[in-house]
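Before I ask anything, let me first share the structure, which is written out below as structure tokens.
In this document, chain identifiers A, B, C and D correspond to the written order of the chains, with residue numbering beginning at 1 in each.
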Amino acid sequence: MIGVGVIGYGYWGPNLVRNFSDIPAVDLRWVCDLQTERLARLRLRYPAVKITEDMADVLADPKVDAVAIATPVFTHFDLAMRALCAGKSVFVEKPITTTSEQAQRLIDEADRRGLVIAVDHTFIHTGAVRKLREVIRKDLGEIYYYDSVRVNLGLFQHDVSVMWDLAVHDLSIMDYALDARPRAVSATGMSHVTGEPENIAYLNLHFDSRLMAHVHVNWLAPVKVRRTLVGGSNKMIVYDDLEPSEKIKVYDRGITLDPMAPRAGERRNQMQIGYRAGDMFAPQLDITEALGSELSEFITCVEHGTKPSADGTAGLRVVRILEAASRSMANGGAVVELPRERVLA
Amino acid sequence: MIGVGVIGYGYWGPNLVRNFSDIPAVDLRWVCDLQTERLARLRLRYPAVKITEDMADVLADPKVDAVAIATPVFTHFDLAMRALCAGKSVFVEKPITTTSEQAQRLIDEADRRGLVIAVDHTFIHTGAVRKLREVIRKDLGEIYYYDSVRVNLGLFQHDVSVMWDLAVHDLSIMDYALDARPRAVSATGMSHVTGEPENIAYLNLHFDSRLMAHVHVNWLAPVKVRRTLVGGSNKMIVYDDLEPSEKIKVYDRGITLDPMAPRAGERRNQMQIGYRAGDMFAPQLDITEALGSELSEFITCVEHGTKPSADGTAGLRVVRILEAASRSMANGGAVVELPRERVLA
Amino acid sequence: MIGVGVIGYGYWGPNLVRNFSDIPAVDLRWVCDLQTERLARLRLRYPAVKITEDMADVLADPKVDAVAIATPVFTHFDLAMRALCAGKSVFVEKPITTTSEQAQRLIDEADRRGLVIAVDHTFIHTGAVRKLREVIRKDLGEIYYYDSVRVNLGLFQHDVSVMWDLAVHDLSIMDYALDARPRAVSATGMSHVTGEPENIAYLNLHFDSRLMAHVHVNWLAPVKVRRTLVGGSNKMIVYDDLEPSEKIKVYDRGITLDPMAPRAGERRNQMQIGYRAGDMFAPQLDITEALGSELSEFITCVEHGTKPSADGTAGLRVVRILEAASRSMANGGAVVELPRERVLA
Amino acid sequence: MIGVGVIGYGYWGPNLVRNFSDIPAVDLRWVCDLQTERLARLRLRYPAVKITEDMADVLADPKVDAVAIATPVFTHFDLAMRALCAGKSVFVEKPITTTSEQAQRLIDEADRRGLVIAVDHTFIHTGAVRKLREVIRKDLGEIYYYDSVRVNLGLFQHDVSVMWDLAVHDLSIMDYALDARPRAVSATGMSHVTGEPENIAYLNLHFDSRLMAHVHVNWLAPVKVRRTLVGGSNKMIVYDDLEPSEKIKVYDRGITLDPMAPRAGERRNQMQIGYRAGDMFAPQLDITEALGSELSEFITCVEHGTKPSADGTAGLRVVRILEAASRSMANGGAVVELPRERVLA
């Protein structure tokens, strides 16, 4: 049995508690939160779980092997570092930290102590994104573009911009599904509430290849959209996360190129571009709840000292992009280079 | 009767011919094209219209008051200038020219001669875009963003990029529907066919206000999308041009702001952000064919010497943005300022 | 406090338990089920609730004022009658009973004892159906037709046909939303699994007026559809329960009639039929969970002896139609008259 | 060259003329209509075609081999019979005639004279319906049901009900795509305009097997729907004719049957029903214009004396069903047996 404590019982914490309590190998021992009314709600549902407002109680329990941190982003680093220093493995909400320097320090600390650090990139545990990765890597050929729209009305955050709140999903999905790592990033955004962070943002990711990635995130949209287009030389994908069952559609469409006979008044050596419109295919997806698989994987990693799908370095890569995008946004959309990832691969 | 000649009978020319021939006030006298098989097809359908491969025949006819030019973009300036110099008013396909300097020269020439110059910004004559303008100006309050996605598979052009081919529609719609003019533009794009212009592009338009505009155009998408979101402080719009009848949906949604009592650990003076989710309303739209209305307006302008909805300066404003966007794209997405439009307003 | 016992903890019972436990005025005392593993699951989640496999324990508790019955349909009558005879008010799943004679006996027993009997017509407590009723009664004019499609893959029932399982929803919605009561019913259906009840069925409801109602239910459809069209002389409605937010759309569309001048070769006195295509309007809907409102209403009725929205007679009216439809189906679709409802109105 | 005359230049006639004039093997000689303004419009577009208000002119022309009849339904029989008696092959709009007796007489006359008679069941020449037939016959296994919804606002007809106007499409598609022929039919409908034919109707087709077919047609619907569900033992189809490209979707879904261990309180020998949810597949469809293919086939049949896909007996089978459905509708929805088709197969 792996002893677990959950820190934070606000919006996401209850999902962690529910899923941990369904894993047979887990001994869910503690939930910690600063608001007593939340803890009262918990006690009613999970009378066997101990509650506290002081994280020290959790860390002091020798039967706790791991803590899951579901608190505001700006607290992630401190809480995770305290947990690691107390010898506990850590599962932390996305984004892992507010700076890449913090993320690096957590990774180093976990490495030093032989502890697991996992970051909650939930989407990469969905059947849809697992299939997305598979199709991208097997069927698409050269990847031309990755375009995501993730917009809806709310929830405005006070401490992070829409980019850190929503684009983090797209960045973690790309980190998982694509073979390539971005070389640079540029971003623009706007805040429409004085004194608050940006509520609309556009990110461009630049790669060494001809691949372009673009993300549109928006807290102030009239409708909810969760749609990603991925274009390749052989096939193309529409990933619509709001579709009830056909979330991934693979289109056997694209262009064909043939040398063209030059015509009067036209440039030489042009290619004749043809259009290929073939079948569409929507594969059946695994519908297991992502968070359940993810937490099971984390527990297995803690048991065996293995690496989770989204480890600290995955979290770090995503934060590096967000940091660079924030810098770009502050500089009118200038292109900001990302550090070469020799160490991070 | 206004005598009309049509120059170019390729993709769009037949639509001009069909619509001109339905306007009672028009005497459609000539069609000119370089390909004889196209002219043969025309002769079968419209035996009364004279055909020629030499534009000089059209310009020499004293009964021709106006010519409509539907030829490749790079020929617009020369053909339009010849027509103006022959004393004919001009209706020219979008974009008006390939450079703003050319557009300015056409405007000057037309002014000098008291001739009409109209550019075929077809969309602004649709019921949908007319309603879009009305709702934006009457109901939306402060405009926060304008976001358009215009993607599909094909048709790749050899002489202009996807931006000059597709984004020109969005720029002309914004020019018509919005009250504000952009201050600067930045753009990124990519060509996936060696030696050909960009087939995917993203444009950001920057304004003096908090308004952001963004356009995504793509010739290599698996599905066709024509969707614009417009967010305002009072209402928001979804304009989906592929909807058969409800192209414009107006959402009574948005956020509300109230001062928030500061809480422990949070910044002061934050606003409490609430969400307003009200009714949706899809107004009935005028379904007259846009091109018909547009050509009728042009003929009326030629008759009475009045200004068309999209005159040469509208065409110039759009080309200025495309030029600046091209420069930005060539410079890695750098922000390019637009000239102040004292003269153009 | 109203003491409550829940009978049946299978598919629907957990929803009843969760909602009852959120109502402050409810003392949820017992859950009864025949399967011990279900009760074990309950104990984990709701340790304060007593569990039993014998309903007599629940009925013997003098602090229990009402029982909610969520068991297979064929058991409804016996269990509800036992509860009423023990002086408990009853909330029972739909359909209320398997025969109208049984439903009448329950109504009579409840009346005799001054107890409340409510039937779980959940949909009539949704914001969508409440709005549907309002628009039908206020805006539609003469109601021309009510057409519902309710199809999906599964869940096949062994003891009732798809009609008793799915059409019961449509019949309860019509019972609530329409002003009129059907005069007769006809139905056809088919079983595609030997020995099992019909898995596809079509019902026609006939009224004294020109109103037609039709219901298509199907357990063996490739996609899920929940769409109702309602046509009236003034307006028309699309109610699509799968739409995330715009479930009710009101169309200002219809026909106009003008006397037509007779033409050679045509009949006299024909009407010239015109088409009116106006705005569409999707009102914002109340999104409170229906079951919560419904159980609160039931508890209030038990407290004050008032009638619930769906009382025993509503349940009886629906069962009468299902009975008649079953007779029709067994007789090749013959029209079966419904009893005149002098008593039931 | 096959000489052709077109009778009727109202709603559909112009499509016939346009398509005939694109077939190289056709010598389009005459168009006949009673309204001179229509003929004037034609003359402008097709100056080489002779026009007349008297069909005798067409029939007297020895170079006319075939006539296409696009006039009101009640005139089909007379005009087609006159054409056959003049030795011309006939292409006639759907439905072929207003009675099956008339259709039989046309078939007999054509047979006697060795002439071709084709009925314009346009849909069976679309890529979508051709694929529908192929998938139904190859992949679906036992066919369980065929369910079509074909509704929209308008156009009300004065001389035929919505069933003869719209359901005729579904009946001709079923006649083509299904292997089975219906044994009996029942129908209900209603007119909401006094003195006019039914504007809403529901048809049930009964077969010797477990196949059920059902058609809903409606001229008074707020939205346009063209959706057919076909369920089989192996796969299921959604055919949505309004989808721009994915009109046919094949779902690898259905149920599985296993003997079930009897449980206390349940019937014996029940089957355990499982649900199979697999991939979805949307085959690329041939997008050639249906009417063009259809007329080409007709011309080839006239040239070589072969049978068209929809010959007179296909037209007769459809009219027999419409006749029976009308009788059923007049008799309150009673089941009406269809004649056994020994001769017609």
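Heads up, the rule we're going with is that a residue touches a chain if its C-beta (ideal position, glycine included) is under 8 Å from a C-beta of that chain, and two chains touch if they have at least 3 such contacts.
Keep in mind the model is a prediction, meaning the values are calculated, not measured.
**Q** Please identify which chain has its centre, taken as the mean of its CA atoms, farthest from the centre of subunit D.
**A** Using the mean of the C-alpha atoms as each chain's centre, the farthest one from subunit D is A.
**Q** Is the number of contacting C-beta pairs greater for A-D or for B-D?
**A** By the number of C-beta pairs in contact, the winner is A-D.
**Q** What is the distance, in whole Å, between the centres of subunit A and subunit B, each centre taken as the mean of its C-alpha atoms?
**A** The separation of the two C-alpha centroids amounts to 38 Å.
**Q** Need the CA-centroid distance for the pair subunit A / subunit D, whole Å please.
**A** About 52 Å separates the centre of subunit A from that of subunit D.
**Q** Taking the mean of the C-alpha atoms as each chain's centre, how many Å separate subunit B from subunit D?
**A** 42
**Q** Indicate the residues of subunit C shared as contacts by at least two other chains.
**A** 277
**Q** So in the complex, which bits of subunit A are touching subunit B?
**A** It comes out as residues 144-145, 147, 149, 151, 153-154, 156, 158, 186, 188-196, 200, 202, 204, 206, 210, 212, 214, 216, 218, 220-223, 229, 231, 233, 236-238, 249, 251, 253-255, 257, 266-267, 269-271, 273, 275, 277, 332-335.
**Q** Please output the residues of subunit B touching subunit D within their complex, sorted ascending.
**A** Within the complex, subunit B touches subunit D at residues 45, 47, 224, 242, 244.
**Q** What residues of subunit B sit close enough to touch subunit C in their complex?
**A** Where subunit B meets subunit C, its residues are 245-246, 252, 277-284.
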